[in-house]
Each structure stands twice: as structure tokens, then as C-alpha cells.
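One structure below.
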Amino acid sequence: MANMAQAIRMALHYGEENLGLQEVFGEDVGPPLGGVFTATQGLKTTWNSPLDERGIIGAATGLGFAGVRCVAEIQFCDYIYNTIDLLKIAGNACWSSNGDWNLPMTVMTPVGSGIRGSIYHSHSFDATATHIPGWKIVMPSNPLDAYGLMIACLKDENPTLFLKPKALLRVKGEDAIPGEPGLDKDGEKKLREMIDAPLGDRTKWKAQWPKGLTDFTVPIGKGKTVRPGEHLTLVSYGRTLPLCAMAADQLLKEGHSVEVIDMRTLWPYDWDLISQSIRKTRRVVFVNEETEVTNFGEHLIRRTVDELFYELEARPRLLAGKFTPGIGLADPLEMATQPQLQNILEMSREVIQERP
Amino acid sequence: MANMAQAIRMALHYGEENLGLQEVFGEDVGPPLGGVFTATQGLKTTWNSPLDERGIIGAATGLGFAGVRCVAEIQFCDYIYNTIDLLKIAGNACWSSNGDWNLPMTVMTPVGSGIRGSIYHSHSFDATATHIPGWKIVMPSNPLDAYGLMIACLKDENPTLFLKPKALLRVKGEDAIPGEPGLDKDGEKKLREMIDAPLGDRTKWKAQWPKGLTDFTVPIGKGKTVRPGEHLTLVSYGRTLPLCAMAADQLLKEGHSVEVIDMRTLWPYDWDLISQSIRKTRRVVFVNEETEVTNFGEHLIRRTVDELFYELEARPRLLAGKFTPGIGLADPLEMATQPQLQNILEMSREVIQERP
Amino acid sequence: MKKTSETKLDPKLLIKIHDLMVRGRKLEERLIRMYKQNDGYFWIGGPGEEAFNVPLGLQVSKGTGLDHDYLHLHYRSSAILLAMGIEPLDAFRQMKNTATDPFSGGRNFSNHFSVRKWNVPPITSTIETQYAVAIGTGLAQRKSRRPNCKGITLVNGGDAGTAEGEFASSLVWASRPNEELPILLIVTNNEWGISTAANTQHGERSIADRGKAFGIKTAVVNGNDVEEAWEAIRQAMEYVRTERKPFLMEARVSRLYGHSSASGANRVEGEADCLALFETKLEKAGVLSRKEMDSIHDKYEVEMREKAAQAKTEPMPDPGSIYDFTYYKQRGKYF
Amino acid sequence: MKKTSETKLDPKLLIKIHDLMVRGRKLEERLIRMYKQNDGYFWIGGPGEEAFNVPLGLQVSKGTGLDHDYLHLHYRSSAILLAMGIEPLDAFRQMKNTATDPFSGGRNFSNHFSVRKWNVPPITSTIETQYAVAIGTGLAQRKSRRPNCKGITLVNGGDAGTAEGEFASSLVWASRPNEELPILLIVTNNEWGISTAANTQHGERSIADRGKAFGIKTAVVNGNDVEEAWEAIRQAMEYVRTERKPFLMEARVSRLYGHSSASGANRVEGEADCLALFETKLEKAGVLSRKEMDSIHDKYEVEMREKAAQAKTEPMPDPGSIYDFTYYKQRGKYF
């Protein structure tokens, strides 16, 4: 099975060949590195940009205006915070011209904790991003979705933001990406040999792309129920999604049936799916790893309260990153700051057992 | 009575004379203009900076490290969005050095709608600001609080952010600022002559500051109940606060007793005051004019739900700016996008009348 | 009429430029009048930049797509767009923020144009961000990717704004070895940023000098002189168009009505008026007589009065439309 | 021992510099070893910059407050701080992210120092932001406000980072007429930004050239040559300290172990090693013998091994401390 970095790479390759993708760029995105997380190795249209995030976002915007489809990378989302004005401008281009212009462009950036990234390589971007109108925002939790969401971004006529949960980029999927070569250990090895850049000299290396890659698309705006359940709904995305699924499996053994929803798209999101689940379970916890104050999960709680207040049997809850100025490097600090499996289990039990 | 711009000016003057304020700067902050909203006219230490917001925030941070107390202005909060990384860095200076450094610095910036500022002069900053740890954030709704909150900022040892509701900057207060010269029309005229820069040539003009200005301080972290009530709590700040007070007065005539809380400090905020009020009224609407998705009011709803869920008799609600990529210039657009008195009245009635 | 020693350009062209300059000036003055008569909330514009902006607009390769020029403009660019062919009525509609405003549907400030058919993305009020965005259309047109591309990218902005990082970004990105971008970078230097005098902020001898370290060709141009401006723009455009490399041009211009309506929008004493200067020259050279020119003024005075009056009668946007076009072709609340 | 024709500086000083260079190199190599032995999550540092950084650290006016120098450093600055007097043990504590780490309490990456008593604000990983912050201490020390101030501001960073807007901001702000700032702006050019070669990104002939348009004094220095670096730094510091004006210095340096542990942190072939070069020179000049130098190497090898071992025994931070010092002197959850 491909890991998420490989999945993204294959989707970008498919995009170059079939969807008019013409420019993939950012810091260290081109050869020899192909991205600090290898997500752009071996592609045809990659190149290394100057070390200038404002230039990168401006460039992507201009390429969008020019109708040249691009994927621009910000190396870590921690470094996107000097471009919020430009992201707002990209997000308002269609609206402020009253529909005259549209702006096809994709920005991707690794987010979140889980690699001991300390203060400047661990932050998330979902709170700030969901506060910027005009963008569509996706965040996969597995390689197949990563592939399908990237294809969706490359087809969209609007600015799209693809958030890469960095802790999951090297994690292999459970579901096959249509076209990837064989799903056993052999297939994995083969895939690595085909599309992972070799160690050492890479000047002569060319990727061998799997032939059968398809148009497999995960539509923007559609979430997915990854565990069905009756007693509690866990809503999450990105790094914490697999933890929620693990928590559900564990809780099932304890006799609690927990539904887990992978939002996949953060904006505009699949409220139908979420609200139907909450109507059924009447209990919900939103889980993400962003700092918790003015957090996107708080929006989801607001909407839950707005529309489902009288159907709830327990307080809707948020489990998110602690409101600290950074994520400390030392293990006990990162563990105490960011939501872990144990925290999800604890809060889930609490909510399931909550009685007025 | 002084208006809010005059109040800020007097507080800054007091700061220059008594609190070690040494640098007041930003775009057009110095002579001849003294700020696009006149809040820095006549001061001793003002100067005009280059047109460079990133430089301004960096400069303020460095002055803070140097122990030189400053107030840096960003001309409109719409133009602070390219500095979020720098604001995060200022907010983490103490924490990331494990308490070694502190950073006394104040940033002020006009926020919000109400002057037909269209797409780039109407946005707010409370959602983004409250998501940045390490700052203290204040926002007055009247001149006296503006004075007292600025004094508090100038005394604080940490980064402080002073948000100026631009629609209220020319509005006169109801409460006297200790030391301002007479509170009638004559006094107002006198104050204008003393501290408002004249039209025309200003090269020879010097402000005549009122002699009796004091150390009057509104402590950071303390809200204020501006209308007592029993049936509903309205929690707001800035431009929408006076509208909430007007709504309460109107609703009283309709037989509804509405408590209005002016948060004054957005972070760290006066949860005691807010929660006690909600415990009493069991109904609450949070009102602000920021775009509504991933909005600070949603944090307040989350906390309300977290701590007071079983005491609520109606859904806690948010009234905020619509989630559009900008605030349209035309009157019908701004009116439909930003919360107005009428919207507050309607939502208040709805919540008061809500029955499960 | 013949080319005289006083003038270098073809008299026909001079007459055309003059016509557009007068029309542009009248347009701005009418916008100011509308603001003062409460027919708009805010004015900002470009009176005083006509001698530079009209020659620029006339020399643009106008059209849609990569083989035409992209223009990333700021709020003083009305004369460029007028020379390209926009309708003054539409500018009045935007000032009056009517639903019929074709640039923004009543959403944006006056002089914040957007013309997709001519490769003009929405003008933003945010100073200097257009220099970052211009990188992108420059990339789209660069030689290393599209060797036969005929279009170039133009970007303009003020002097004070060059203190923002995006100005430096545009120099860095435009001059990468073997990846040079075909961008004409323009700075209109009026020596002011709102109330702040340039000489209190700029340590540079000239702003154009900042291009030199990057090996970018530069020029400082008297933007109050039509013929000098025409020729400088012509040469710079030709260089960018054929060499596919960047060029940084600083044009010295006047700010005839102050910064914006926020500072009163009154005529400022002591600033050179490029239109008056040009008319003196035209009269002296015998290209146009005072009387002929007066009648042009009168004609456009009437045009602008009538068109402004028309704009005032048009409907306001519908409050129900606030969510429209958050996304392409989307209407109504979508979430 | 006497000053020879081979060397320009006092041999005592050369010996001191050599001693610090060896100690600095051993420190970095031990940090790398710790990373490789899983005694830390990440390494980034400055091996290869000692010939420039030690002379810099030794010439700083070290202390607290405006009459001493402020240093806005990046993550390759260990040799500067070692020359100023930090304890290697403390660097190991930060690598091991122990509670005893005096720079960040186990919160930040290795080589992210913070030393308030010496005017060193916390090093941030965010490329180039230190150039914006440096403006502030420069303002605090500027002549127009503090005519008798003795301190200056120093800032350093890499070559690739100069593409960020803050680098331009620092030039703009430092050179305002009559408001010049006493800042020594340093760019350590190792010709790489992670995997990206400088020659694919820089159109400038030299980065230092970018100061020229602003009238800023500039120099390009061989940062692999101790004596050239010492003298260049001395002159530049003297200029900034007495003239109270900015100076932009580009130092050409080596990146001996690649970018960081993310690229393996292995010794790179073909990069000039300033320490080896210096030792050849010292030997040739008769200042130190190979044997003497070997014993210095051995001494610091032992020192570093022992101190790293000590750091490993120290406690991790308490998870209950995560909120501490969000604000000054605050402890525990405050909201």
C-alpha cells in the first residue's frame, strides 16, 4: 500500500498528465529533494522557489489568474502565518469581482504535531484557514483519501487548500489507490522502487509511474463514516482521526458503540453527515489538534448547539490542543499539549456516561 | 466629554509623562496627521514609520526586548494579517525562553465596520487575535474604558493588543475621564481646542494637555455589567456593545429584563462575570462583528456549553458578521453582513421566548 | 498639422493622448464631485498621473490570456483603463456602488477595477500585494516555460509601498538565473504616502536603484512629460516583451488632489499638473489651440456630468446577494 | 611566540580563537552524535562557521541593556555564544530537552538559544523574522533618540532567507534619512537553503549589493579566514558603533554537516573546513604545533563527552508546566 506522501505524489502525477497541472513549486519541492516530506519527488513540473512564503502565495494567485493550474507548497504550515492577507485576497477574488474572475489554485502544507517538531514545526492551520472565506479546505487521514482529495482540488475552479497531516505522511493505507501496483509487501517494495527517489545521486533518476492511475475523486464537501455506532459520535480529521477510530474499537470492547466521522473536507463541510449522526447518538465530541481557543471545533459545537440543542443528551465537547504559545519539544510536553489516544478514550467515556 | 480618539490620545500622553512610554509609531501616526483617526495627535514621541506592517510589528517586538516601551499602530486591522507569524513570535517570547524574557509592547489597530470601509477597511481581528497565545487583548466600547485600558496596557509586562472599534472613535462618552476639562459642551469645545490638531498648517501647533489626568486604570481581565437584567444575558464588546445596551433599553420597554456585559478584555477574559450572569439568566447571546466561522464567540459558546449546559434554558447563540469574503460597500450589503441593532433585538426576543 | 521640433510623437497620437488625458481628468474630478455630493462613501484615484498612465494604457497589448498583457494595478490607475477603453459610466456606478457596477457589483471602492477580458485582476486596496501576485502571471509567461509567449506582466504601485516586503519579493523572483520573468515593474513616485513625506522614509537615492543589485534594468522617468513617458514605456515594454526579462521603472508623478477623500480631495497647490504642462506644449507646437482644447474640456465635462447623473438612478445591490460568488458561479447561501 | 608575517593578529588572540573554534566544533559534533544516538529529536547547528562566528562573539560588547550589543541570531550561532561564554553543558541540555535547559526549559530545538543577561532574545526557527525584530533594538539604540548610546544591534541569518521580505525591511528601516539605525546586518552565505542551490535562486551579483541602493556600507568577507573575518568584523563594528549607521556584511561560509539532521547530518565532501585551514596556517606560522592542537582537540572531545553524558541524566520537564510563562512570572493554568 502506498503511504500518504506517495499517494499525493501519484495524484500530482495524474494531475500533470490529465488535469492540466503545470507548476508544482515551493521551497525544496523540486529536485533533488522533492519536498521535505517527499510528496513531490519525481514529478515533471516541480521546481524550487525562493525562500519566500509571501512570494509563493502571490505566485500561486497570479498563476491562478493566468489560468495556469498550480500546486504551491508552504514547507510547514507554521510558515504560512505571514501570508494570511494574501490568502484572504485569493479567497475574495471571485467575490470582489462579483463573479467575473475565478481563481483555480491549490496550496498544500503539512500541519500538526507528532514528529517532535517543537515550537515551529508542530502547529496546525485549520482554525485560521476556516476563518478565511472563499477557500475550500481539505485534510485527508489516509492515502486513498489524500489521492482523491488532491484530484478534487486539481479539478476545482476555486482556491483550494490541502492540509497534510505530517504525522500520517509515512503511514500506509488500508485501501488501495486504483492503479497502484499490488497491495502486498512486494507491491509496496515495487512502488518504492518506482516512485521514491533513491538515496545518493539523483541526477539521473526518473520516476516510473504506475500505469493504471485513475480519476478517483473524493468529492469536496463529503465526509465519511469510518466506524458506525449508536452511543457517541466522534468527529475528527487528520492526525487525530485514526486515533478516534482506534478509540472506537477499544470502546466497543467496553460495550460502547461509537460512530466516527472523518470530515475530510473542513470547508464547506458535510453537515448532513455530522448532524444525522448526532441526531442518532445524541452525544458528540469534536477532536482536532489545533490550539483550542477560537478553534474550528468550537464552530462545529456552535452549529450543533444551534441546530440540535434539544436533541442532545450530553454536552457537546471539544478535545483539542492546549492553549499554549507552542508545543514543547520534550516528550512529556508534547504529550500533555496535544490530544492523544488516551485523552480521546477518557473524554469519550465521560460523554457516554454523562447524565444531566 | 472626550471622544474615544481623544481619550486614547490623553492616555498616551499620560503614558509618555508617567509610564515610560517612549515610542509611538506607525503609518501616519506622527505629525502632521497624528493617525488616520487622530488618536495620536500632539504627542511627544510619535513618528511616521515606513509603510511596512511587518517592519512595524518587528520593530515593536525589538523595542520590547530592549525594554523601551512603545505603542505601535497598524493603520487598519485589515493590514495586520501579514504579520500573524510575528505576533505569534511576540506571544511566545516569554514562554519559549521558559520565563527568561518578557516583552512589554503594545500594538493598537482600528477594527470593524460602521464607516463604509468596504472590503479592506471593515474587517475585525478578534477571531485571529484570540487564537494567538501570549497576548492580552482589550477592546473598549467607550472613551473612559479606552483611557483606562490603554493605561493598563502601558503598565503590563507582556504584549498587549488594543483594538479600537473604528465606528466608536468619534463618539463621546457618558462618563468623565478623570482630569478632562468640564463635561458640558463648553468643556468639549475647550478640549478640542487644547488637544485636537487644527486644520491647515500644523507645524507650530502644540497640544495643551489637561493637567489633571490620572492613573485611572481599567484592569485587564475585568468586564463590566452595563445593564443589569434577569431574562437574558447579552455579551459583547466594541462597536456592538452600545447596540446591545440600546437593545436592552428597548427590550425593557417590552417587558424583558436583559443584562448586558461589556467584556472589555477579550483575553484573558472575565469568565466569572459572564458565567455568573448566565447562571442567573440561563439565556445568552454573544454578539460581535467578526466573520462568524471560527469566531471568538464560538469559543465563548463552547465554554458556556462546557460549564453551564445543564443550567441553560435556551440555546446559547452567536450573532456575528456573515461569512462572506468581504463587507460590501453598498449600504444594503454592509447592513446585511454586519450585526445591527435590529438583528440584536430579533435574536434577543427569539432567545427570551425560546421554549424547548 | 505636422510633427514640429517641439514634439517628438506623431501629432495624431498627441491629440489622442490629450483627449484621453482630459477625459481621464474629468472622470476623476467628477468622481470627487460625486463623493462631495454624498454620492459615494470614499474617493481615491489618479488625477495627476495621466501623462504617464495614458501612454501606458495605449501601449498595452490588450486582451485575454497569456499572449496579452496582465495588469496588476492599484487605485490610481483610472487613466490606464480609460485609455484601454473602459466606460466612465461604469466608474461612476462603482462610486455610487450600484448593482450595475461591472467591476464589483457595488462591493468595492471606486477606482478598484476588475476587467477579466483584459487580464486585469481585481484591484485590491492592500498596498503592494499586487507585486506578489504579479510574480504569478510573470511565471505563467516566462521564457523557460513558454518560449513563444507574446504577453507580458505589468504591475504598478506607489513609492511608499515599496517598503513592503512584496516589492522586494517581486525583484527576487523576477531575476532568478535562467528563470527571469517578463514583468514591467512600475513605481509611481509622488513623494507621499498619505501624510508621510518620502524624504523622511527613503534612504535610497532612487527607488529604481533597488533593481540594480539584481541585474534588473531600471529607469527613472518624468511621469509629468507625456513624450518622455511614452518613449520610456515603449522601450521598456519592448525590452520586456522581446528579452523576456524584468524592467523596473520609477515614474515621478504628481498627486493633484491629495491622497483621497479622507484628506479632503481638494486641489493641492504647488504640484506640477501634467495636463496643463502638456497643453502648453501642444499649443506652443501648434498641435492644438486653446480653443480646441477648451471645447474638449467642455465636451467631457458634459459627458461626465450626464453619466454620473445616470449612475445615480441605478439600483443598489440586493442584500440577499451577499454570499453570491464566494465561489465561481455560486449564488446564495451555500453552507 | 611572536607575530609572524604569516599572521596579522596577536598570536595570543589566535590561540584563543583556535581554542574556541575547536571547542565549538566539538560541541556541534557532540550534538550531532547525541541526535544519532537518539538523545535528541533534531539537530541543526553551525559547524563550518567557526572562523567567522568566534571572532564575532569575541568582539561583541556583552552585557545587559542598551549600552551593550543586542544579538538577533539564527540556529547556526553556537560558536558566537560559546565565544561569549555559554556552557556546553547547557547546549546538551537543550538537545536532550531537559527541564534544566536554561534556554528554553526543554521546549525548543537545540541551538535555539536565549540569554537575556547578554541581550540575546530567543532564537526562532522562522527564517528571517529576526531581521524585523532587530529593527526594534536598533531603534532603541539610534542616535536620534539616544545620542550617547554605546551598544549596537547585530543580526545574522542565511543566504536563502534574504528572499523573505524582512531582509528588505531591515534595509529600509535601517537607512531612513537622519534616523539611521546602528545595526550590523550579517548574512552567512553557505550557498544553500536546505536542498536548494543559491545559484538557482539569486539574480544578485552578491547579496551585500542589495545594501548599496540604500547607501548602506557593505562588505563581502571570506568567512573561512579567521583573520580576514576578525578584521572585517572589527571595522564594521567600529563603524556602526561610532557612526551609528547600518552596515551589511556578507560572509561566505561552509555548511560542513549539511542542513540539519533531516538531511542526515553527515560530513559533507568538498566544503572548505575553516578549522583545518586555520590549523594549517597556525602550524605554518609556528603559532601552534600539530601536537599542541591535537591535545586541544582531545581535551574538548573529553569535555563534550562528559558533559553530554551528564545532560542525559537530568530530568524531563513536568507535563504540568505547559502553561508556565505564557505571561511573565505566571505559572499554571491561568484561564
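Labels A, B, C and D are assigned to the chains in the order they are written; within every chain, residues are numbered from 1.
Everything that follows uses one rule, which is that a contact is a pair of C-beta atoms (placed from the backbone, for glycine too) under 8 Å apart; a residue touches a chain by one contact, two chains touch by 3 or more.
In this text, all values refer to a predicted model and were calculated from it rather than measured experimentally.
A.B. asks: Taking mean CA positions as centres, which chain lies farthest from chain B?
C.D. replies: D
A.B. asks: Which of the two pairs, B-C or B-D, is linked by more C-beta contacts?
C.D. replies: B-D
A.B. asks: Centroid of chain A to centroid of chain B, CA atoms only: how many Å?
C.D. replies: The answer is 35 Å.
A.B. asks: How far is the middle of chain C from the middle of chain D, if each middle is the mean of its Cα atoms, in Å?
C.D. replies: Chain centres of chain C and chain D, defined by C-alpha means, are spaced 46 Å apart.
A.B. asks: Approximately how many whole Å separate the CA-defined centres of chain B and chain D?
C.D. replies: Centre separation, chain B to chain D: 41 Å.
A.B. asks: Name the residues of chain D that each touch 2 or more other chains.
C.D. replies: 104-105, 107-108, 124, 126, 163-166, 169, 172, 176, 200-201, 326, 335
A.B. asks: Can you pull out the residues of chain A that are in contact with at least two other chains?
C.D. replies: 49-50, 52, 54-55, 78-79, 85-86, 92, 94-96, 119, 133-134, 267, 323-326
A.B. asks: Which residues of chain D touch chain C once you look at their complex with the stated criterion?
C.D. replies: 163-169, 172, 174-177, 179-180, 199-205, 209-210, 212-216
A.B. asks: Given the complex with chain D, which residues does chain B contribute to the contact?
C.D. replies: Those residues of chain B that touch chain D are 22-23, 49-50, 52, 54-55, 57-68, 85-86, 89, 92-102, 133-134, 136, 157-158, 267-269, 271.
A.B. asks: Using the touch definition up top, name the residues of chain C that touch chain B in the complex.
C.D. replies: 41-42, 97-99, 104-109, 124-128, 160-161, 163-165, 193-196, 200-201, 262, 316-323, 326, 335
A.B. asks: Quick check on the complex: what are the chain B residues that touch chain A?
C.D. replies: Touch list, chain B to chain A: 54, 78-79, 81-86, 88, 91-92, 94-96, 119, 127-128, 130-131, 133-134, 267, 291, 293-299, 301-302, 305-306, 309-310, 315-318, 323-326, 356.
A.B. asks: Which chain A residues qualify as touching chain D in the complex?
C.D. replies: On the chain A side, the touching residues are 27-28, 32-33, 36, 48-55, 78-79, 116, 118-121, 322-326, 328-333, 335-337.
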